[in-house]
């Protein structure tokens, strides 16, 4: 391995010191406009197989410990509070359907969503309000955040487990659309 | 057909699974029974249905809706026998499922809309969707999570960009600003600059003298001193002279020494000596 | 460079994730009693010349940004900005009348002074709080700093032009005239 060049060293040092994941743009701005993509690629491969990994999450990069060492490190770290089942479902629905309104979440879950459920997800920094849907009542719609991707180790939403299969199976479509796709004649189409 | 569900077993299963898989780590609002309908660990009738469907141990796409309906109704009946307090929506669902069952079983003469088959399919699709979300939720939580399985740097130095304003101000701007403040707030004395005017007295004397030698109407402008004389070309002085001459004319008219005449608004204003 | 062995990877990850520097003993205990000294030595040489360095301080080890890249951690981004007119006036009043309270500044300016105005002057390092006036309400009083004198090239506040000089320079003329004159007559020509 050749010694790293100055930009690579600078990117390495900056990402190492950064308290938050950084986009290439932010890195570049911090390093006086230097081109950082090549350095990121070279660092990423340099750290491959080491105890630390350089990963990209939602377009932002950060160092983290290698996943296979979890068992060694976990004991020192308190396990984060577990999510309730309601919150887990709401999070999954938001992640796989985003952006969704609360009513849409409830339509899938079949129960009302307690006030605290979405708050918990927002307080964790995984979900944010993403505007309003332009339908009567203008409901708030929710989407996931870059922190969500970082926390769950996803490079992007395309990496959500099983999302392609779900989409292919039509399980991300509303029931009405699915019925239509199945050729079931519903009341409205009966004219 | 699977065996009818033993209620106690179902309860135990529900509670155990709840405790095992999820901590109800929860904000106060989640315990609000009105919002958060739980029956023996189920979150509402759809959740209970999904659990019952799972017990058929077949793909959700192939579940027997009729069987599912039976299982649900049995569950509700038993709950009623045990005087368990059932939330209203469990009963609503029971009634709806009973209706669905009869619609599916009875021969139909009049086709209703939507058809019972469509309603059954709709229920099945909803269960599939909930199951899918539940499954991916579990998969999400099982990933290598930052802060649980993988860790960020324990004590990052942090990158800081101190956006510092380099304030600019120079000596002149400072001193000038003080001058401005002082000028703005110092006591203000209004000085009216002396300016050339034709006094009423001099106008009166002039108009009076000129009327004495005139024989007919004379326009008021002709009473003004000629432009060629001294400062009289100054338009401000001429305006003053015109005003004073006009007032002088009025004064002379009041005294009965002169007459004034004007044919129309803004028309020429003429004076003449009163003919006695 | 050979791929690191498991102990080295574990030490690397543990030190990375640690919130504090760790002694070899603590590391070893954390990693189930493994011998870590060799791993520390190998890591230390691996990181030599990179953007990150593994260092020992008083028998405890930690990662830190390479010393020659420390400047990356704190970047000063300076944006030249012209002091607002209100701030310039407040500064001038403080310079001429110090120490003054905010109420006194307002009385002299004849207009209210926004809270932010004094903050700006203090951030610029030209003004400091200089105690409280022993009157009811004990208002904070403000004075200029040595930096102020340095910035404006003054040996002392006595170097500020007096009222008579200001008048002679036309700086006490009513505002409009003074502003008009600015383009034409500069202070220097008037001496």
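Chains: A, B and C, in written order; residue numbering restarts at 1 for each.
Keep in mind that, in the parts below, a contact is a pair of C-beta atoms (placed from the backbone, for glycine too) under 8 Å apart; a residue touches a chain by one contact, two chains touch by 3 or more.
Note that this is a predicted model, so its numbers are computed, not measured.
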Pair exhibiting more inter-chain C-beta contacts, B-C or A-B: A-B
Chain occupying the middle, per Cα centroid: B
Chain centre separation (chain B, chain C; CA means) in Å: 37
Whole-Å gap separating chain A and chain B, where each centre is the average of the chain's CA atoms: 30
Per-residue overlap in chain B, given as positions that touch at least 2 other chains: 151-153, 157-159, 161
Junction residues of chain C, two or more chains touched: 13, 16-18, 63, 65, 72-73, 75
Chain B to chain C touching residues, read off their complex: 151-155, 157-186
Residues of chain A touching chain C in the complex: 1, 3-4, 8-14, 16-17, 30-31, 49-52, 63, 65-66, 69, 72-73, 75-77
Touch list for chain C against partner chain B, complex: 13, 16-20, 62-65, 72-83, 85, 87-89, 91-93, 95-96, 108-110, 120, 123-124, 126, 151-154, 160-161, 163, 166, 169, 171-175, 178, 182, 187
Complex contacts: residues of chain B adjacent to chain A: 18, 21-30, 32, 35-37, 43-47, 113-114, 117-118, 121-122, 125-126, 128-130, 132-141, 143-153, 156-159, 161
